[in-house]
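Several structures are given next for inspection.
Below are two complexes that have subunit A in common, paired first with subunit B and then with subunit C.
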Partner chain A sequence: MAVSSKNTGFWFVAPAVSLMFLLLIAPVLVAAFLSFTDYSLGNQGFSWVGLENYIKMFSRSTYSKMISASVTYVLLVVPLSIGLGLGAALLINSVRHFGDFYKTIYFLPVMAALLAMAIVWEFTLHPTIGLVNETLADGCGAWTETVFSFGWIPGIDGGQSWYSKGCQDSFPLWFGDKSYSMGTVAFIGIWQAFGFNMVLYLAGLTSVPRELYQAAEMDGAYRAWDRFRLVTWPMLGPTTVFVVTITTIRSFQVFDTVEAITHGGPSKSTYVMMYAIYEKGIQQNLMGIGSAITLVFLVFVLLLTLVQRYFVERKVHYA
Partner chain B sequence: MADIKLSDIQKSYGDIPVLKGVDLQIADGEFLTLVGPSGCGKSTLLRIIAGLEALDQGEVLIGGRSMNDVRASQRDLAMVFQSYALYPHLSVQQNMETPLRLRDMSFWERFPVLGHLFPSRRLKTVSIQEIVNETATTLKIDHLLERKPGQLSGGQRQRVALGRAMVRKPVAFLMDEPLSNLDAALRVHMRAELAELHRSLKTTFIYVTHDQAEALTMSDRMAVMMEGNVLQFGTPDDIYKDPRDKRVAAFVGSPKMNFLPGEIDVQGRVSAYGIPIHKSNHTEKGPIEIGVRPEHLEVGPVGRNANQWPFTVTHKENLGSDFFLHGHINGSDQRIVARATPEKAQQISIGAEIKVQANPAMTMAFAADNRRIELVEG
Partner chain C sequence: MMGQTAPMREAAKHAILILGALIVIIPFYVMVSYSLKSPREIESNTGGFFGAQAPMVDEYCVKVGNPKEDCLETPVIFNYSQAIKKAPLFRYLLNGVIVTASIFLLQVLIALPCAYALSKLRFWGREFVFSLVMFCLLIPVHAIALPIYIMLAKIGLTNTYASLVIPWTISVFGIFLMRQFFMTVPDDLIDAARMDGMSEFSIVWKVMLPTAIPALLAFAIFSVVAHWNDYFWPRIVITGDRDLYTPPLGLREFQGDADGSMWGPMMATATIIVTPLLVVFMLAQRRFIEGITLTGMK
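Our next item is the complex of A and B:
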């Protein structure tokens, strides 16, 4: 009996281990293998191309645009959605009434399907019939133009302002102009992500001991900013690390808005990694290069996780 | 230099009154203890003094100035919390620096990164560190300055919390059950240290505890609170020897005072269990309760005196220096505790039938409404 009980533990973990291998590790290994080939779906065979796919990735401008689009998106969405999420959480935490109401409102974009919401935004931001540009155009010549052209501030020429110029020519093609497209896609990403971050921060705030705020008050921290610096922000450290990691990973994964609206354009300004994987691997059936992008993507995510695990986590858990 | 005056403090949470008009006058430099069972409102009262809790009615005066519209951070009080409430991400040194930095440095000098641009910051940092080092030496925690609170034992955290309160030299220290998270031996040790600290600082201490022993051993004066009222306010000695209320008498002292059913007869003579205790009162009549502390119950037989209660010993508690004999009188189910010397207790076995007698000078009487009844000799 003693001998058989030695192996019992192995039998208990076997289902989990085998499923993990089959569903998670094996596909990664397959993708890694395919990234060194020129395999296309449906082909009988494939040939070994070595590092060619990777060399392409790091030499062709398409792929440097891809990396820069993904990184720009992440750098826009992560800080802004986290900042807004934290701000909203702090405000909701401080109100006595309607907290649940605000929570629901801000969380709605998270629950909605991003693909459907992207289509709604596409209509809203349509250059001619969209609500946004129509509203902006309605304001031309009215008080809104006077106010938002900022001509009333001394030293600013109202006629040269963004608004007045828009009134004279036209308002931007939000998704069609490459100087706006990434910003607009990122805006939708922020709109969608910050409610989620807010909920995570709200959960984090409930675990901050009230006595610490009282101690801070007794120590003379009468400014809200001092209490935030002394108590809230450090106590939210673990939450922030988690929120940053998860938002970054999710931002690297952005796909729905790009696929529904811009298709990576104009001139590759929104050609993010997930969309590139889809375009190369599925649409153009170039499994080799698709797998190579996937692996680079995985490395990004893995690096992030490692940074979180080994460098940051140690600094935010105090006990 | 500030005396603290509380007048008619009232507070309720919803419909539940927590404080029902508390008046207290705390002299400058006094060690005052607010003591009472849990839920008596003592912590709420302390938090009202601190300014962490708003009051419904009444006034808090510190140094003659009304504090009702002054927020906690501006009252120049320091508080030691039961959980210590140290900032877990800061080292001991930084924890102790915090109140000084908040007081002495301007908003911009404290600002991250930008603050270093101010030359005045450097000077202030040096003087703050000096004060912190000095305080840490006094409290014998100077070797712990680099550690984080998570790496400290309960007693060390307690000292750091004290240090953080001390550095600013506030007008008064408020302490909310600061010893209750320590083990018994350390608690007894810290009692003496806190009392010594108070003597050397000469600052007002307002100390909240549910432990009557802490109140008796440390304070200059103590206020016994129950159900939102201060029942009695006086020196520990007064409160122990001369409780004005049955609840105070029962709460202060360990083991508890014994209460025996008694009565005052038509001649005003007081008796309990049918045996006179040689005391009388000529204004009250009828059933009363006789209070005798365990050390005032003499374990007999004492001489040939017939006026002794028969006492059945059910349990002996050995405290080394003393024995407490538990048992009952006349077969009633009320547990009575009497103190005996170890020599005497050795001769008494569990189940023994002995005699006990109250020391008449130390016997108290209480009316049914908890009021103390004065007794005279005879």
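Our next item is the complex of A and C:
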């Protein structure tokens, strides 16, 4: 290799390295520093408050609600969007026709601006004139109520079902009702994310060798479920580890739907961490507490990635 | 036995897949349909997908003092013309193009030489730089928005194009992706270029760049989709100046002012913002999906 490359290498990485320090490393340090202060933008100075911001975070109910909102969201979105993504991938992989068509449709939400789609979902789920509640109300008293109140199943009182009660009383407010709000916001998250996971699983499926299925069948795995359990699922191990990590990190970062629709409410039921950082830091100019939330957030992400690396090294690889 | 169950099973699979497709499509259906209908049709949920397109009265036009007959308009024309008139929508779209294009170009400009050096040059500190890249991959830029915002505010850059672009100029992910790709490029190719007297600088742009087009295209898709659709960052650094709004920010402001009668125009705005990427995606589907999976698989 040419001697001159010593310096060339240095100059080639210099811009990237300086920007990494300036835009990634320094901000983390700044956040860590500010999390021990009561800094506000525009104030001349600031004072040290020690661990006060962190103590607040672990004692005030607002912040415990914040953590539980973020964790609930992640626990809803990650398993469901991965389950649906995997299910869709397996079905699409096994049908003879139109596989590409379904793939395109399921991938649309990944491409569409989440903010725009959040606003559309807000209309669609509007309590009185939204398409969903209108459709539900139109079905009342008709065959749909009979079917979906499940009264035709022996032992179930149709009059007490969710659907019949909705018909008598009213259908949910979705975003306005704190027992539905988180579920509804998470639903949008799942709707948006599962197509992405599906595509990753489809890519994973193409790398499963055909012979393994034949071998499994010869060894007595006649049922589809057995072949899935013995071949497909283990072979998809690396994909799954990756999909779980990326979906979790992305779900922790949910912001658009919350900011556009619920503003963290009702009664903090959707007060997720990114929204808390925005509200405390940007809107209320409380940079100290905002930075403390940032740090807790970064620790979450770091832990997740370490768990992922651990699994990858434990050889989820069977290939 | 197989012969009998297979068609049934196939039909059941399609039934599930179609049901899923219908649920996925709902908001797109609502968005486009509402953008075509009059406020009355939206509120009463009538008119089917396209609406009756009966001429409707533009209330605002009447309020300004025009006679009613001059204020009649077809709902679809009303909605889309309001979307353009109420807010400088084309300006927003242009901003979106400027910002996403600048981000992508700067990312490539900074990442490509670095990726080349990390994969093909030997120099002091290379291992350190690579570990730095691996470490920085752990930091989500959205999460450190507050300190970056403070830094930008301190040097007076909020409410500028620069504030929308600067935080994204360094893509450690781009560096990593391009490095992985460059590792597969044979050294002979570079040595031959050196024999021909090419400088390292021109090797990056004239030899490595052309070979890296597939990876670069994947990265472009990844970057453009992320930044065209990004709402969080513009929301933070652009506070007052409408001229700097990106498309999602413009739509959000629209939502803020809109009363019930403006739903149609708002959905028209949403349709205009969402359509470009969806159309490009439909045209180059395979590339998009490959791009997203390639960039996803790290």
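One rule holds in what follows: the second predicted complex is superposed on the first by the 297 of 319 C-alpha atoms of A that agree within 3 Å, B and C clash if a C-alpha of one lies under 4 Å from a C-alpha of the other, contacts with A are read in each partner's own complex, and residues count from 1 in each chain.
Everything that follows uses one rule, which is that a contact is a pair of C-beta atoms (placed from the backbone, for glycine too) under 8 Å apart; a residue touches a chain by one contact, two chains touch by 3 or more.
Computed from a prediction, not measured in an experiment: that's the story for all the values here.
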- [ ] Specify the outcome, clash or fit, for subunit B and subunit C once both structures are aligned onto subunit A.
- [x] fit
Task: Cα-centre angle that subunit B and subunit C span when viewed from subunit A, reported as a multiple of 10 degrees - done: 90
TODO: Using the superposition on chain A described above, determine whether A:L75 touches subunit B (first), subunit C (second), both, or neither.
DONE: neither
Open item on the list: If we overlay the two complexes on their shared chain A, which of subunit B and subunit C does A:T8 touch? Say first, second, both or neither.
Closed with: second
TODO: Could you say whether A:E211 touches subunit B, subunit C, both of them, or neither, answering first, second, both or neither?
DONE: first
Open item on the list: By residue count, which of the two partners contacts subunit A more extensively, subunit B or subunit C?
Closed with: C
Open item on the list: A:V301 in the overlay: touching subunit B, subunit C, both, or neither? Say first, second, both or neither.
Closed with: second
TODO: Go through the superposed model and pick first if A:A16 touches only subunit B, second if only subunit C, both, or neither.
DONE: second
Open item on the list: For A:K103 in the superposed arrangement: first (subunit B), second (subunit C), both or neither?
Closed with: second
Task: Shortest CA-CA distance in Å separating subunit B from subunit C in the superposed model - done: 8
TODO: Could you please specify the touching residues of subunit B with respect to subunit A in the complex?
DONE: 50-52, 71-74, 77-79, 81, 83, 85-90, 98-99, 102-103, 107, 110, 112, 148-150, 164, 168
TODO: Please give the residue numbers of subunit C that touch subunit A in the complex, ascending.
DONE: 10, 13-14, 16-17, 20-21, 23-28, 30-31, 34, 42-45, 110-111, 113-114, 116-118, 121-126, 129, 132-133, 136, 138-151, 153, 166-167, 169-170, 172, 175, 194, 200-201, 204, 225, 228-229, 231-232, 235-236, 247-248, 251-252, 255, 263, 266-267, 270, 273-274, 277-278, 281-282, 285, 288-289, 292-293, 296-298
Open item on the list: Under the stated contact criterion, what part of subunit A meets subunit B in this complex?
Closed with: 209, 211-212, 214-223, 225-226, 229-231, 234-235, 237, 316, 318-319
TODO: Give every residue of subunit A touching subunit C within the complex, in rising order.
DONE: 1-2, 4-13, 15-17, 19-20, 23-28, 30-31, 34, 41, 84, 88, 91-92, 94-96, 98, 100, 102-117, 119-121, 123-124, 129, 131, 134, 191, 195-196, 199-200, 203, 242, 246, 249, 253, 255-256, 259-260, 274, 277-278, 281-282, 287, 290-291, 294, 297-298, 301-302, 305
